[in-house]
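Here chain A shows up in two complexes: once beside chain B, once beside chain C.
On to the complex of A and B.
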């Protein structure tokens, strides 16, 4: 018996085996134009990052990256095929060409960037690993967790960070590893483990899914750095640039005060930075084989980075995550995009 | 026979090779082998070219790298500093553990239920029938979820464990048992145990020869039982019981010390055993019913008691019918154990083809190794069962 995960894995592995050698040189941009849609790999349902809403439309900050790419390439942010992937199958799906962009709360690490034939294009969300515990345990710090049973999702960097941290601090733990985040929460709620660990943003999302969120609290300790970003295949630099600059355009737009509401007025702006961003002065899409209005399409249809953040994970969303280190560099945060010129 | 002019060949003249059926067959087989070999060479070369073109690292070097993650149930020593190769062994052992114990439990339950189904007692037969029809017709994954989420999840938390004496505890984290710690001098006991087994075998053989020669028999079953269990017990008492028990104790979050049986294992083991047992029960029933009733009547006509009719006439013949389909049930059980990943039992698929694959990204190598393991386990089980089948098969004289 095979479950879906194994089928996808086998299919993807088979694709690498059987695909003609020529596809390695494939032109993702051309294929996308021909198909009329961006193949986007998303999570198996993580509110705020990528999850279908009540009407079945995918929503989230990771989803917005794919929508931005679709807006830049095809002029239509809705022209995206979403493929839901779990943590284990995500890289194989990208390697084999099943998806063209993986935007699925994926941590940027050396191994992933250098040995998998993949490239990270930037950071959509600066995250760190945290812990959720039942409030009635009266635990205030990670250092009190010696000997605890800890629920984790399989195939994540959290699994490694956890082992590292506990070993470094000479503490013991008992890992209970689940396949999907849904099962992980199930295990935590049933009391199979004392602690649930994941990226803090995910903990916020998972906490509001609990039957009674007030019974659990998120510890303030963060034990790792988890820069989450979109991933593309190596060897197609044009496509790499498109995905990279789609996110940069959203960041630059926020920095310049351009958003989806005022973008049409901004077309008249005297500010040369804005004129270059919106394609009124020069054609900065040309180098990526895109139209001059590529960034205009992103901002008018998806919005700038701040809008996406607030709408999906920030104060306008049920997650209510503080902007924190994800503020723009001008406001003391880490989000910084190279200029468009 | 009509003789055509062509047939009048001189003696010794061979037909051209394409007219010779044996040679033709050989040629076709050679062509097939060549095609398969060419396909394999193409596929392997193509895969390597593709991987290289995409900048994906290949090879099995990753197996000696540090794994860096924890595993919930390890039969041999393991820490996050162990290698990826070690995670393979850990996963494999966990798979073999649940597979082996599953085969054992499924066989026992299956034989009991299969015989119960043929019972002349109406209630017993109907209960066995209900068992078979229920568990055979519910998908295995649902049964695993049932045991894990509906049964074991309702157990109390670690602090409110059910305690049986001060030694055994049951809670949502698993079953905690005392662990025997052997002191010096304990080695005598397994040694006596082995001696006792050898002695019983000798006794059985001697008894058989004596029976054939003189017709007299001793109650060897009970005698062997006494030897096998009594002798080590005697030595245990004489040496002053060199065993201490390490009790599970609640420390902080969890119980420490003793042996822990995790609920993921219990759920998977129960589900696999109970599901497969329902198929085995049907196989056993069909095997017994395949023996013509005349055999039983003939045996009874020889005034064999009912117990011996079953043991000497019916079951040996039924085994010939039972073993081939039983083998495929064993294989199914072992392969189905890969559903472990759904509830987080750290089996080969969950640990190696799950976490290790994802941490290293070596999909082709990891999947190939995992598939090879299941293939080898299945082939070994088949070989053993074929050997066993050959032993019980009808010997034609």
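On to the complex of A and C.
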């Protein structure tokens, strides 16, 4: 009798613990506070997006999203556990709770947004498929590539996009397919093809690997849409908002001219938009259960979007990718964040 | 009858048949065709070696800390130099390197103690290596005890992780393999069936699939509050996979022991475990050394597959370093370094096994 009672008691305690754990799981913010670090999924090495530097610190535009979230939530941009994921396991790791933010150059598509139980929180980088050509061919646009032999990496959507585009425009091309990006560059360098195609973010990295990068140029045309952004699990809207607005805060900061160097002077700014952004006027972190200085922490520790872009992939980095469509909307680009008010 | 009373004195061998010249004549130039092949071989060697040496040593850049210090004519060892500590420790925090160093030193000490025949107390060192050392290594590397800051396993990497994976795999696979091999030869149907199914399952699936299952599928099956560390998942997968192979190697050795040995031991009244432990296994294990070391070497190299589940072993961390935008385009240097380190380890394992074979040779060899 006693044994049976004991068992029932044990079972019910177990069930309560399980239920407790389940609700705790849904509250990512609380878990993160308790752990003292953001669990962030990054790539296993992608130039300019996420890669460890000489001292073993992760660097990149995707990494800066993790750091921004950590700064907003914990006030410390270094409080991040980086977990490197490959392309196959990235969504599983997010679904199973191994990571809370997936910031791994993931293209925002219908399938991923609607069928995997995930939410995209914004766009950190508007990517697209581009072309690299030798400078001395004097090619300026994709339309001049009719009949060209083109080096591609196999098994990527690049191959598909290319075929689609050329068929739609009634042009012909001769695909030369390689297995890895290193082989693709090697093939291009050896003159196996006239043109090399890949996402523009990768083209810059491939160009550096040429023995003389100045002999090749990247065309400004792109033939596909690849908006890359951070991803979170569905079902925890507070966390979704935090990740979404961490990026928006960086964009708004750039638009308002606030950066990591002048953020302390800007605290005294008369501009009401800046005062709201930095938490001097009202507390806009409240709705996300954050402190009023959440955006101040992001900007002072990580910087604004423009700083992150320049440092990791833009002109201050070896990749030297043009801002292009990633300029702010005020400068003719696509980057636009809703206002903080 | 005429005969010479004096023995003809010993004469030195004719010049040209001894020494290096004799060797050359006997082996490389003993006929026109062989001479031709020798010259051809030397020419090919010259064609290969000269550019390699020029690239790797003469034109190479050694000193500096950025890609600007490299002329790009020869190898840029600056890259390996700048990343060296990362290749060894992975992303382990640099102020905690001393902890990994202690573990490395203990590991090297244990190996040296076991390998050098003169040193005493081998039995106790073995016991410590199998029971004490893993605990000490875990406490030191992972931390969280005795005021050591915690370093979670996703920061472990480089050669440290490769050695960890390989040694846990080896130490885990050997006993499991022995048990499985004995089980497969057992007369008890359930034990036998279980062992056969286990071995055939793990041998029938590629390691890469097992690692993928462990890292992608397992978390989906488990309830979300149970989160097994990915390193542990990889270790379990690797050990079970290796133990199936080990079991078959050991079973091969067991089959080479004549049945009479077992029967004679049984006639003396020995129990099953005594027969196995005192008669069969000592003879069988000795013969299995080449097979076991072969499995170990392949395991050592197989550890690089953990790269696909996002663990940075030596090769993984080299590849991650290659994707740093400041070091793009030095893949050859990185891969040469990784290959060199792997070669050193595999070659020493192979040499040690040959030494062990000679030492334990009691005449079974034909």
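As a working rule, the second predicted complex is superposed on the first by the 234 of 341 C-alpha atoms of A that agree within 3 Å, B and C clash if a C-alpha of one lies under 4 Å from a C-alpha of the other, contacts with A are read in each partner's own complex, and residues count from 1 in each chain.
In the analysis below, contacts are C-beta pairs under 8 Å (C-beta built on N, C-alpha and C of every residue); 3 or more make two chains touch, one makes a residue touch a chain.
Since the structure is predicted, the reported quantities are computational estimates derived from the model, not experimental observations.
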Which superposed partner A:333 touches (first chain B, second chain C, both, neither): neither
Contacts of A:146 with chain B and chain C, given as first, second, both or neither: first
Contacts of A:128 with chain B and chain C, given as first, second, both or neither: neither
First, second, both or neither for A:116, with chain B first and chain C second: first
First (chain B), second (chain C), both or neither touched by A:44: second
Which of chain B and chain C A:92 touches, first, second, both or neither: both
Chain C versus chain B, contacts on chain A by residue: B
First, second, both or neither for A:83, with chain B first and chain C second: second
Chain C-contacting residues of chain A that also contact chain B: 18, 21, 24-25, 88, 92, 95
Contact footprint of chain A on chain B as seen in their complex: 43, 46-47, 49-51, 53-57, 68-72, 79-81, 140-141, 149, 153, 157-158, 172-173, 251-254, 256, 263-264, 335-336, 338-339, 341-344, 346, 349-350, 353-355, 357-361, 363-364, 367
Touch list for chain C against partner chain A, complex: 65, 67, 72, 82-83, 86, 90-94, 152, 154, 212, 215-217, 219-220, 222-225, 227, 230, 307-310, 312, 316-317, 319-326, 328-329, 331
Of all residues in chain A, those that touch chain C in their complex: 18, 21-22, 24-25, 44-48, 51-56, 59, 81-86, 88-89, 92-93, 95-98, 182, 205, 208-211, 312-313, 317-319
Touch list for chain A against partner chain B, complex: 1, 3, 5-6, 9-10, 12-13, 16-21, 23-25, 87-88, 91-92, 95, 111-112, 115-117, 145-149, 154-156, 159-160, 162-164, 166-167, 173-179, 183, 186-187, 190-192, 194, 233-235
